[in-house]
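To keep things simple, chains are lettered A, B, C, D and E as they appear, and every chain counts its residues starting from 1.
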Amino acid sequence: PIKIGVAGAHSGDLASYGLPTLAAVKLVARQANDAGGILGRRVEILSEDDVCKPEIAANIAAKLVSEHVNAVIGHTCSGATRAAVGIYKAARIVTISPSATNPAITNGDYPNFFRTIAPDNAQARQEVDFALNVLHLQKIAVIHDKGDYGKGLAEFVKKFIEQSGRARVVLFSGITPGAVDYSAIVQKIKYKRADAVIFGGYHPEASKLVGQMRRKRLRAVFISDDGVKDDTFIKVAGKYAEGVYATGPRDTSKNPLAKAAVAAYKKVYHQEPGAFFLNAYAATEALLHAINMAGSTDYAQVVKALRHEYVETPLGKISFDKHGEAVGVGFAMYQVRHGQYIEIK
Amino acid sequence: MRIINEIKKSFLVALWFMFLTFPIMVIKVNPLEKLIVWRWHNLAMVGIASFFISFLLRCAGRWRKSAARRPPALTMKGLSNNPRAYYSALAVIALFSLVFPFIFSAYETSIMTTALMYVILGLGLNIVVGLAGLLDLGYVAFYAVGAYSYALLNYHFGLGFWVSLPIGAMLAAAFGILLGFPVLRLRGDYLAIVTLGFGEIIRLILENWNDFSFGPSGIANIPRPSLFGINLSLAASTIYVYFIALLLVIFTIFVVNRLQDSRIGRAWIALREDEIACQAMGIDKTRIKLAAFAMGATWAGMVGVLFAAKTTFINPASFTFMESAIILSIVVLGGMGSIIGVVIAALLFVLLPEYLRAFADYRMLLFGAVMVLMMIVRPQGIIGKVRRTYVRGQVTGDKRQKNGIITNLL
Amino acid sequence: MTAILKVTGLSMNFGGLRALDDVDLRVEPREIVALIGPNGAGKTTFFNCLTGIYPPVSGTIFMRASSGKQSRLNGLPPNKITAKGMARTFQNIRLFPEMTVLENVMIGCHCRTSAGILGAVFRPRAVRAEEQRIVDSSYKILTRLGLTDVVNDLARNLPYGAQRRLEIARALATEPALLLLDEPAAGMNPRETAELNQLIGKIRDIYEVAILLIEHDMKLVMSLSDRIYVMEYGRRIAVGTPVEVKKNPAVIKAYLGE
Amino acid sequence: MNYFLDLFFSGLTRGSIYALIALGYTMVYGIIGLINFAHGEIYMIGAFTALIIASLLTVLGMNGMAILVISGLAAMVYAAAYGYTIEKIAYKPLRNSPRLAPLISAIGMSIFLQNYVMLAQTSDFLPFPDLIPNFAFMEPYSDFIGSSDLVILLTTAVAMLLLTIMIKYTRMGRAMRATAQDMQMAMLVGIDVNRVISFTFIIGSVLAAIGGLLIASHVGQINFYIGFIAGIKAFTAAVLGGIGSIPGAVLGGFILGLTESFATGYVSSDYEDVFAFGLLVLILIFRPSGILGRSENQKV
Amino acid sequence: MLNIFNLKSYYGNICALHGINIDVAAGEIVTLLGANGAGKTTTLMSISGIVPPSSGEILFMGRPIHHLPPNKIVGLGISQTPEGRRIFPQLTVMENLSTGAYLRRDRFGIKEDLEYVLTIFPILAARKNQAGGTLSGGEQQMLAISRALMARPRLLLLDEPSLGLAPLVIKQIFAIIRKINQEHNTTIFLVEQNANQALKVAHRGYVMENGTITMSGTADELLADDRVRQAYLG
């Protein structure tokens, strides 16, 4: 069989970002197996929980290596990924993360690493360009959730705004995820007279933050990232979600593959898929496709196939560049209008 | 008749649990979609499972009651009284730990290394909690200090593992004293919350002070320990790190063992037992407390350095309160003050979740349940502590004093 | 001065309560002095002020060490006071219950020894010798107090009377010049009390300590003490030899009855 | 000045949230001296139960007020049942054990309950319906204090008052205090200690459920992990005010909330928790048993 | 009134009572003497249900009580003044007294008893609102006895009531024991170290050694017994 390791946070506070990935891989694998497997071989999944902790990730990586997995989908968090990817590299195992966005991972050290999500700097660039060029904002508050994803992104946002010289960062501040109330920071944003908030982080904090902003009649523009471009955000934030901008992969809503993936998920789990579900779905499809194209699970062949073969995924027709970044995902800016993310051309 | 009674009781328990778990186990709502899924099979499962578990526990309880009195606390006395058995057991363990990395996979070696690291952490915290009786819920802070010392010293000054090891230990000790000062007057649970806060403060600083610690994205590419300047392959260095950990464990056991039965160790225990009497015996409470914090922290700092070297990447996510809680659990489950107990508990606590991986999703659920269960079965810890006994050395005096009547004795 | 302990004008408050009110007291070398008075008179509080557990609000405490040096004890922490040669037992027994009897006494030697952490780890010869000395002297004290048979038992498991004796042993291990005993005979039956009576006398003779004693058992007090201080409501109401005190009408009214 | 008031009211809201959970912590601690780490999980289970029942009722087509009342009652009943059961399973067998054993058992319980809810429900965040109505009369003030803030504030105040009265003046309250001070002696005067302890857990859990419902409604979302963070903060608040003291828990909650709010407003939200814990250390240095705590000065 | 047959009690593995037999008739004062650690306190705790006996029987007015929880036993009319007083330190004197009457519902009777104890211990009336923990030793002892009386017991168990008290107070306490017994016809089971005094107030006595009853008889018999004199009267 073809063994795919799925490593990520499957318990603890970050489980909601790791479990959808696991579900996605399972769904894709089941589809492949139902269709007779890949290269006639069954796809088998080994799931491992790293709770987003580097040391556990390293141990798990050693475990997956010793169990001779052919490839790994994961890890969820950048930190865990960075602790594990070197071990996979030494064992020549392809690793595709649906959610690790730290730019440092694709700096060339790890030819075995790929990802189906835009790195922090790319997303940050897009957000800043949009804020400055399209919306012509002047005073921007940059808020983040103190996590490696959110804060990493926010750092880039701040840097790009300052480099542009056309706007000011009036506030750069982290909020504590899970805190029961964000009204103090909302008052501060108000006090600083920011005309926009760029938020780095995930949708639970974003919906809490935007909700409190609007309830306190703070109408500043809210711009956020891929972690927020998620239907759950709209449902949780409800009417307060209206008008929020978020970056995300292009045209997923119309993509039939994406629709099918979400439908398949709902059928099994009776709920909306969580964060990074489509990224993970795409990662798995890309992986299986590459193995199919390579005709074997040989490391070099698969890497080559990943780099050169395009594959249709819920994120679009993608391939990977030499750093491992997905090409063809095409990022766009979205806005919530009438309870839906609408792509802004 | 009795059995029927028991069945009736178990039945009631089952009913209670079915009621208890009803909304959460049976109804699954999807408020987004206004969708409701009823999972009645779960109710049946809960009912049946709780019936049988309750019934079995009842029988076990009855059996336990009828079977004499409580079994005597497990102590190492039996073993240590029998030197031959003791030394042969020791030899077997030594041999096993020596060949371990060569007969098991890199993964198992890696896990075992983690376990050994927790042994040291447990023994270190044992000094603070077990011996000195100071409840510390922020022990992980010192661990973080050690790990970041190595990572940063290496990043900025290129210092190697072996140089950083003592530095990390000393920095951690300094932090131990730093924590010790403000909490000198605090007792029991007030001490616990302040140490918890201290642990959180350290983690938050690491998370927020990017210029210093690189924030939540952490520090990568920390070199593994080198062997006389040679850089080892991944597999070889896994084994190498294992042996370093083993060495540190032996060193820790040696030191802690000696400390326990020393003048300072006795003062720690006296402090734990009765602070006022301890002072009245001429013990300087302040110094002895600070010494305990510093000594405890030293080990955490050392393991921190090793940790950074083993993982090659660190970020603040590794140093959460939960980590402190696990280390504390190791100490308590091991039997406070008992070295072997702590060793066994550390192995248990690290290996158990690993072996529970077989249960995939249920891993942490079972882990929590086992934690509760272990405490109920052995609240005083796996190994009861035995105080050292002294045989009469060349004590001056005579052998007349046998009977207990005071007046004859003087 | 010759007195080993000299207290003048000692006062102590708890909130609004004046627990000690201008108390004077002195103890000469090798003297046994008793402190008696109704419940709540402030006797234990007096001990607590002497040993540094409570800081007195006013008054002075002077103590003469065996070297002849006189020092003021006010404001010192308890451990320093013990180091200066004052040791005590507690009214409610405060042993270290999870330690063995011998270890309890060894703790008493703490302030007369010096091994530190490094010494404990490396165990140089000096430290080993010191440990041996601690064990030996502790053994010796225990032998003298008739606790030889239980040296390796946990203190918690001792019968009450033995615990009281162990407290005395532990205090003796600090090598005091002055021993403070707080109700040593409480909870003992008359025969045990009689034994204790002899024991205290012998301790004085062997260790050449002065003893200050709080006790409600008049038989013990009258037969042991050289002098008696009587307190009521934090104030000293009488002082004198046993015979004098027994006849003092104020004492009879406040304390002895009849 | 206005900014100051804004921050003040933010802190008040946050503080009353902490206080509401801290009350349960402090009650349990007061009686058996246990830091009940599973208390946060009871709060979470209360919120989840409320969500489940509320969603059920919404689907059945009920209207606002009825949903609030029924789901609130369900949350309280279930939280109480969980609190009661947890005490029986995880703490009662350890009543005469070393002090730390129940603490570890509580940590284990907390891990268990989190994962239980995660597995039985979902790891995702779920939107929590806005059960607290928006009062029209609060509309002009909503810049700095909303309806839900007001409701939480009032609930906390009422809960504190009722509890204080109950503990001070009722027979059960006296039994609780007696049990807390000397369990064996309480038995000797005829107090059914088991019942008193169960009762305490039930009251604490009901409070947690009320807190869970109100806070989840205020925040608008829940998942299985919300209890942990809220629990730690509430625990800190309880200690700050003097653990075991009912008014202390509320005072501690407010102080903590205000500190965090002002730290965010005038310094930086990055370090709000550092300020919170820093203040805790500072206060405990000067008052080692919390602001309103009784000093444990035992008579020597 | 109270019959104990072959009672055995353990602490963990340690056997504290090796099968003892004791009978107390209604209206009697019976004293239990013994050296430290003989098991006197354990006997009382077993009667009260705090240390549940492992075998044997305890009958109270003919009814077995050895399997009942402590609160039920108190409900039947047995209350205890335990060793070391065990005052609730943070409750006021009045609150301590009213916890004594915890199981009673007869307001009027409670009030009556309250007045009664305040007349026999007038000092408590003066200390009414003071926290129990700050009372002096003697006051605490009086409070402890009063608290037990507030349950209006049929059988009062007293564990070393004279411990740590001034001579004057000891005399008072023994006088009051006699008074309670005579005026209220309360049966009293008294554990004492102070054997002289105890035998003077008691009608009968038992002597306990190492967890077994070694002697029993009327108070006068015991006072006259040489072994008792030597071992306990000093």
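Note that in this section a contact is a pair of C-beta atoms (placed from the backbone, for glycine too) under 8 Å apart; a residue touches a chain by one contact, two chains touch by 3 or more.
In this text the structure is predicted, and so the values were computed from the model without any measurement.
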Contact distance in steps, from chain A to chain E: 2
Furthest chain, CA centroid comparison against chain E: A
Chain whose averaged C-alpha position falls nearest the assembly-wide average: B
Distance between the centres, which are taken as Cα means, of chain D and chain C, whole angstrom: 48
For chain A paired with chain C, centre-to-centre distance based on mean C-alpha positions, whole Å: 72
Centroid distance [mean C-alpha coordinates] between chain E and chain D, Å: 42
Cα-centroid distance, chain A relative to chain D, in whole angstrom: 35
Touching two or more other chains - residue numbers and ranges from chain B: 28, 30-32, 208, 276, 361, 364
Sites on chain C at which at least two other chains make contact: 53, 90-91
Contacts with 2+ other chains: residues of chain E: none
Parts of chain E lying in touch with chain C, wherever the complex brings them together: 33, 35-37, 84, 134-139, 160, 163-171, 193-196, 230-234
Chain D-touching residues of chain B, taken from the complex the two chains share: 16, 19-21, 23-25, 27-32, 34, 36, 42, 129, 135, 182-183, 185-190, 192-194, 196-198, 200-201, 204-205, 208, 276, 321, 325, 328-329, 332-333, 336, 361-362, 364-365, 367-372, 374-376, 379-381
Interface residues, chain A side, partner chain B - complex: 10-12, 47-49, 52-55, 58-59, 62-63, 65-67, 77-79, 82-83, 86-87, 90, 102, 104, 146-148, 151-152, 155, 174, 231-232, 235, 270-272
Touching residues (chain side chain A, partner chain D) in the complex: 11-13, 15-16, 19-20, 146, 173-176, 178-181, 183-188, 190-191, 203-204, 207-208, 211, 215-217, 232, 235-238, 271-272, 274
Interfacial residue positions of chain B with respect to chain A in the complex: 28, 30-33, 35, 37, 105-108, 110-111, 114, 207-208, 210, 215-218, 220, 233-234, 238, 307, 310-315, 317-318, 322, 354, 357, 360-361, 363-364
